[in-house]
Amino acid sequence: MDDIEVEVLADPELTEPVFIEGLPGVGHVGKLAVEHLLEEFESRVVRRVYATEFPPQVTIEDGVAELASAEIHAVSVPATATDGEGEDGDGVDLLVLTGDHQAQTNAGHYRLTEAFLDLAEEFGVRQVFALGGVPTGELVEEPSVLGAVSAAEHVEPLEEAGIEFREDEPAGGVVGVSGLMLGLGGRRGFDVACLMGETSGYLVDPKSAQAVLVALEEILGFEVSFESLEERAEEMEEVVGKIQEMQNQQGSVPTDDDLRYIG
Amino acid sequence: MDDIEVEVLADPELTEPVFIEGLPGVGHVGKLAVEHLLEEFESRVVRRVYATEFPPQVTIEDGVAELASAEIHAVSVPATATDGEGEDGDGVDLLVLTGDHQAQTNAGHYRLTEAFLDLAEEFGVRQVFALGGVPTGELVEEPSVLGAVSAAEHVEPLEEAGIEFREDEPAGGVVGVSGLMLGLGGRRGFDVACLMGETSGYLVDPKSAQAVLVALEEILGFEVSFESLEERAEEMEEVVGKIQEMQNQQGSVPTDDDLRYIG
Amino acid sequence: MDDIEVEVLADPELTEPVFIEGLPGVGHVGKLAVEHLLEEFESRVVRRVYATEFPPQVTIEDGVAELASAEIHAVSVPATATDGEGEDGDGVDLLVLTGDHQAQTNAGHYRLTEAFLDLAEEFGVRQVFALGGVPTGELVEEPSVLGAVSAAEHVEPLEEAGIEFREDEPAGGVVGVSGLMLGLGGRRGFDVACLMGETSGYLVDPKSAQAVLVALEEILGFEVSFESLEERAEEMEEVVGKIQEMQNQQGSVPTDDDLRYIG
Amino acid sequence: MDDIEVEVLADPELTEPVFIEGLPGVGHVGKLAVEHLLEEFESRVVRRVYATEFPPQVTIEDGVAELASAEIHAVSVPATATDGEGEDGDGVDLLVLTGDHQAQTNAGHYRLTEAFLDLAEEFGVRQVFALGGVPTGELVEEPSVLGAVSAAEHVEPLEEAGIEFREDEPAGGVVGVSGLMLGLGGRRGFDVACLMGETSGYLVDPKSAQAVLVALEEILGFEVSFESLEERAEEMEEVVGKIQEMQNQQGSVPTDDDLRYIG
């Protein structure tokens, strides 16, 4: 196997596809968001990316092993009735990148991101959205969506869609594949935006994922049902409620151990 | 030395050899199992694999140094009297991979596994078994053997041989060379099965190794004496008994430090 | 992207430019010093160095992402009225290297330093100054500036400029890009000096940065206003004062946690 | 700079030189031993080996930086009056490898050792001695010297010189450059022996270094004065005495922190 190996599974004709990245990260916001898109719309895997940068690991489903990989799905999103911003009113084509792993080394993040951008280029992608979460350190009732872009000209249209741009936020910048999508993608001429839902950073956060998808709906002009995501959000709220109850009884604030990535 | 270097020690004629991997891992189950095969049957080393991915280390025996390596042994296993599933009733030829080390980096696991699969290919191997343990977190009286396979068609014949397939188990997938044997081997067209004996995860576990070998006997149609392995299992049970006695006196549960890899 | 990629932004004519390195390090002394030069004098970025050795990260300013990089700025420093040591009384041209990151691996430090020296060579640099701090473990009222050089002949002129050379100091040698500027730069024929301001090692230290710049003024014959740096130093002294007050109340010495990199 | 770079400083004619490795390790036994040889006999540096595998560091002596490196010294050891085992009674030529660093990665140890063996080959070396310490965990009054060799035929002549060979010792094998000198050197056809002085593992141990040199004297037929090494050993014994006194007063056993690498 080469350090990075791309398996071709399908080569559908796509119309100006928009690339959406949702690898694991803070609050699993990006991953939850893209998985919701894959559940709600018709899709198929078009590329699978294997890499020696992923953990040396297989997942097992029904006894059958699958090698650690990232997958790119082609998704056909129908246009909304009232809003025809998608190409020729036929909806919008997405290329959705997801997977269970980030790279395991610094240089690996760079190489994987370049591989993903190569594939985006191959499909004629111009516009890239990296979805993720931005940690606030506390539970957020109404998560805002923060933006970061590859070039200043993209700020205004996103602000119109409700994305917030705050001075020097996120303070630590953006790391991992999402960060490099902005950094490397921008240098290669893609129009890249990172949409980050506010999230505590302690919990898998379907509500924040929904906020990110609502923003994406607004930008790309489509509509998706949030029923299943709202159910998961309610489940999480019950979990949070129980934790808060326990804390009230103990008279103590939650520790990182109580809250870290329950989901 | 190249990053991976293969020393050729013998090139015997083998009939449809079956590749058995037993490198160190959870409970040393895989390594114990293949070492038992090498003790009980006639064998010789056919390949030695050196790698800069192994620790920079020599082992010393009778004052003479041997460089860290993995070894592939050719083993001729006679057919059982009552069961002639091996090729033309002459028993079965095995290629048994063992050694003292796993790779030290992620990418190293990928590269070493590819090297092992290259050697398997060279010998005309079609069927690969990766032997190992699956941690249960508690002492197991009657260890089951869990399976994971490279393709769904291999599930049924293994179930008939008593291997269990459980939904979404092992939960964390399979890691290291065993995992990649499944993942990379499957992609290269080998028929790969991973046989994992249940084991506490705290102790070197000869009983679990025996369970794995009993499953392998059933699948490949051979018989091996378990006397020496049963002796080691009894020794381990004495150790466990003493630990439990100590705990009862202390009224406490065993800590990881008490139990970790006693053997 | 290659492992190291250099973006050319400008190619000004420079007269025997002097290369000044000020990447992050002990007390941020080197970085504070070069940032002060960039604030006080006219400058422009001439090269930007991207590297897979930097963290996979973008910084966000006004919503726009910038990929982790090191930057080389061309700076024109006017000659002082009374002191014309700069080339033909026209002042001195500097190439100032700064950035937010050091390399993340050992080998990466070597490769990045070679890349920086390649750029220095390209601009016809002969003289290199690496600016940094040397940790003393305690607060320093009047920081001295220690020197280390690539060849013995450079000691005397620096001593005349007030740089101190002490036997076997710094005890642990010099590490990172500053150390390799000396080690690799010297081997390639550059005249390299490392100027290290004494600093506690616990705090961002503008006063130490000023001491280093005063030494550099003396060596290169220029004058810079220290007003803004002195303001920052006063702010830091207030912080230190408060910490010392807190300690006096608690009757305890400051722990590393109290003091580490407040700034 | 290449990953490994060899600087040629001299190319003296040497008669069947013996290669002696003494890089830092347990109790600094090997390093102390070879440094003693370099102090007592005429020598000059013939090769300097730079490597990106060494720390990114320079040492500073009298203000002048020297890049991290390993050095090979040619040493002419006169034959003893009473013992003429050296070539034609003229003494013995040594190539002594020393330095301040080991490689920083696994693969680096392999690559550096190969580079050292390349240089040994270039000088026509046949016999290699790797000097080091073997940790006993307690203070040793009369350190024995343990041996490990690249081939069984070398055991007997070393046993005659007083080197001890114990079954399965050292238990953990030999690691680092010394281990790979045995492992890689043996595979390349060198006659390699590792001589390991017993040492507590807690202290820099000149007495153990002397024991190793006494063994080497016996094997190669030379004589060296041990005065300065004995002085250092006495100094260390005073340190040890003070520590033991302190412990007696405290009624406690020494912790690792008390004893680790005082020297």
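Think of it as A, B, C and D in the order they're written, each chain with its own count starting at 1.
The criterion applied here is as follows: a residue touches a chain if its C-beta (ideal position, glycine included) is under 8 Å from a C-beta of that chain, and two chains touch if they have at least 3 such contacts.
Everything quoted here is computed from the prediction, not taken from an experiment.
Identification of common neighbours of chain A and chain C yields an empty set. Comparing the CA-atom centres of all chains against that of chain B, the greatest distance is found for C. Judged by shared residue numbers over all numbers used at their interface, chain C and chain D contact each other through mostly different positions, with under half in common.
Here the spacing of chain A and chain D, counted between their Cα centres, is 55 Å. Each chain gets a centre from the mean of its Cα atoms; for chain A and chain B, those two points are 39 Å apart.
Shared interface positions of chain A, i.e. residues touching 2 or more other chains, are not present. Taken as a graph of touching chains, this assembly forms a single closed ring in which every chain touches exactly two others.
Chain pairs that touch one another: A-B, A-C, B-D, C-D. Taken in their complex, chain C has these residues touching chain D: 103, 106-107, 109-111, 113-114, 147-152, 155, 165, 167-170, 172-177, 179-180, 182-184, 186-187, 192, 194.
Residues 1, 3, 52-68, 104-105 of chain A are the ones that touch chain B when the two sit in their complex.
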